[in-house]
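Residue numbering begins at 1 within each chain, and the chains themselves are lettered A, B and C in the order written.
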């Protein structure tokens, strides 16, 4: 049996001088409230506040970073891991059978952020004392199940215990935000804020575009027969989202290409789409144009704009066709920013009332394109290390490659970007440790003073994110 | 005089805590057998088991990483370094004169892997006590010559002394594997295994394609007048290679583009090639198609498939025209994987009976494309740091950029990929040290436990390579 | 109040073993003369040798890395920072008001090279004892002003105090080098050397190309009505520059594409340009061709050739139109070298009498393309970490990614590349510290010996730059 005990100095540089400073910095920020400005937690869990069903449903099923690893090793098919197919059918419904596969192969997560987060969740959140393995699989399953069943592990109770000041969800443009409303109406004080993500209706290449447009029509209560009405509907929805507490929008795009079309051209592309005649070029131009429009609207309504480009979604078509979106088959790709963002930044980037936060999965852009752009344009800020780079090495590389050109103040703190609610404190803890350690390194190398580092730690943990997202 | 003495803690982190753990890990793996699943050692040296001719022929002439450096500094022309031209003419045949240039400029290798390997070879293999320089050039030459002449430095003896469990060579599709056969017949127990590399007949842009096809015809004993016969011939050759112990194939391609052609299209391209009418586009499509075919065959016959893309071969045409292939003029280039591998991975990547090992010379793909792909598709594994990246910093960057997304178990251990037989233990030693040090860093930062590190070290050194290559 | 005191071990690894060696190495090179082979200091300051006007004019106005950061945070517009517009109008002429903005936001430079250099300049050059902030802004301003007014802070006095052995400026092809001449005539011994930078007349896409050509005509005294005369004029100007002490040329190009045109094609493109009919393609081809021509001329006249590609100039057109060039709006972009440099390296790269120094803003090319190229072609050397990468992390990454493939001897020492004369010792000090620390790491890891490191430190600081630039 191997004990599960988190070391208080974990992730810090082994050098005693750096470690001592890192610990000192970390101690001043570790208990600060969590501001989570971007993520994918389902708001219904707080609206309903029901117990999570079982450990497998809590840890594995919603987390494609976990079953992706098991799948990559040929240990089980996606269906054997209990993932429902596109029709909602579940091939394997015995949660313990799935848990056994997970537990027996838990060593695969050694050295990965998933492993680090899971250890934290098991140890700090659920009080588990042993490292999960084949032998103790069911013992730990039962321990987790007991906790899950208790009142102190209800979603709202955990939210408060996690010290979350604000949690932003991600919501389609046509979403009625019923869960957000019911949370408000419930009188519970937890701040759960929506984020306006219109990709479903701005991406003409989405096979469900027409269906989504109908949903948008329903949400505004009128037919959207032309481009002008489409834009008007989006403006109305942004207003609605804002009235429900939203402070930001999010745009997941294939490429960060930005380009303003003439009204006539936009209309003609939109009419083609209505007739199911969109071409790939149409879709590309329309997305580029809608990014321009969203920046314009953000200047009007003050919503912070986020752009998340560069993921080849559903790369594995067999899995996609059978199980749908978000099954761990999204693969990053080379992404160009200097040319692609030029039109948006030239038109709106000098406006200091706008905040456009850019993310990348292509780390080569950090020092080459993104830090120089963020270090110049007042409107542009650089989002934190994203997705596969939300990791100890990934966040360290981010600071190393970004800071010297953009400084700390053109960045915006941490995003956990997760679907897995109970992983939130684990993820923020890792980010706080990595930042503390990076700052400690600067102090130990006499690049900044300890007082400067202590002040910066608070900025990176709390102040910058609150400011950038107006939370 | 400067002593040549290898420090027992070399390449480990200077931090005492990390170093202590690294040393402990390394001590458990340093004596494990060497499994060398991919390389370019000439099998004839084991078939013939003759003494190496002289130090210059042993260390310099076959190693373009050494004479490349001398050439880059304008210290000698390629001919002055004794490299034979395409017609086999040797301009400089005095090995001592060449050795003198090498010895006088040995300081150029400071900080390079060649320097590190040479120091190991001189010290550990040949017992040399001084660092090579201008003054001791001939003294050391004579010491080396004396060893080379002794029985204990015959190739087979060294093979055993190096504790090599298996050594894979690289062989053309039409090779009759006579040396492999004569090794087997000799009764010597050394395991020298061929690898099926059909580039010479699958790359239509190769100026010698037609000549190579004739060799393939001879090897199968029939005329290859159409595409179907071509495929059949390759299948037969794979079977022959397998019967001779092969467990893998290798594909050195300009781009990792994969795409299946219709039989009709493949036939038409093949017929064009027979008529010397291939276009660049033909060659590109045919290579892309043959990668698909090779994956299909690998599922049938179980040979592990390796893809080595992204080298611009023979960049320096003056040197190429005069001296031919592999003279240090191959320059890496930007390489894209997400789009290029999609068709192959979609068709065959979900098959857990297939193993496709991908290599890259473009490190930017590690964290962006390759680790995410290897972390999802069951068939795909990521090869070790290749070529210019087979170095202390290069292997460290590899682990830092790959591990968090792909884990350790989607990688396949180390490849020495060398032509220089006596450098094999040096190369494996560096890899073992770098991995021990990387794991020690994870332990010291409390990311994994020491027990986990000790287990992983054995996986990275021995188990993963045996499994991936079925050796 | 926070003290401004530079730590003697700053920027060194906190590990005591590495730090001790780094300090020892640094102590042997810290007082070596500065050789500055590439930069943008205005030679008139030495010709005139007048006091600098005031701290704002000295530190802020000429340094777009400083006001860029203030601008990026929306703290002031470019005009509010006193930057003259294209017509020379200055909106804000109160230097103290500008200084106040700078001082109040000095914390923005924490962790940036600008911050590190400024601290050095204030502390070491001007003897300031406090870190600049909002409160002490004017006190420090007055202290700086007092120094500036004193005789010991005149440009020539500082030049000698800085121990500069040679300083290279950057000068247009048609420049009459009057300041260089008047420096020579003055009898002052300071070595201020011009560098031939013909971009203004070789880049047909430059809106001022025609004006520049007229200036070139004036400089040679004849009409340039065809391509042949154009080439002749450039040859004459190179000769003139050489007679004035020049040892190098510099070429700032969008792309490093090289390609030789036929004389007929070059002439036709040139004639189009004379008629204001150049296309983008013309400009691209002409630049590619002129790089070939410049290499040819360098072999004739021995001037070292520098190529600086990959910057998207004047990305922010609003700022460019109002304030002109070099206002912090140049953004790096992806840059390809393996294909682009092939023609030049194939034709001239095997000539060891030529030195072509290549720079990059795209760090991904270091290990992938540039180190392999520099590690093979005798003519090619790799320039130091450039621009945004002239920083502690940037220079460290450069050594880590370049050394193992190219060795140390295919690099050329440090370039400060600055407009800010008083920052020169600060910049060279950082470079010497980073190199000392990198070498110390190699020693501590037993990759090279301390004696080898001590020798290499002198090469990297002094010998390599003198040799590569023939200074």
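Definition applied: a residue touches a chain if its C-beta (ideal position, glycine included) is under 8 Å from a C-beta of that chain, and two chains touch if they have at least 3 such contacts.
This one's a predicted model, so the numbers in the text were calculated from it and none came from an experiment.
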Quiz prompt | Neighbouring chains shared between chain A and chain C, ordered by label | solution = B
Quiz item: Interface overlap for chain B and chain C, more than half of numbers shared or less than half: same or different?
Solution: different
Self-check item: Distance from the mean Cα position of chain C to that of chain B, given in whole angstrom
Solution: 40
Quiz prompt | Two or more partner chains touched - positions in chain B | solution = 13, 15, 364
Self-check item: chain C residues touching chain B - in the complex, by the definition given at the top
Solution: 13, 15, 17-18, 336, 338-339, 342, 345-346, 349-350, 352, 364, 367-369, 371-378, 380, 400-401, 403-410, 441-442, 444-449, 451-452, 455-456
Quiz item: What does chain A use to touch chain B in their complex?
Solution: 2, 6-7, 9-15, 68-69, 71-74, 107-113, 116, 312, 315-319, 328-329, 331-334, 361-364, 388-389, 391-394, 397
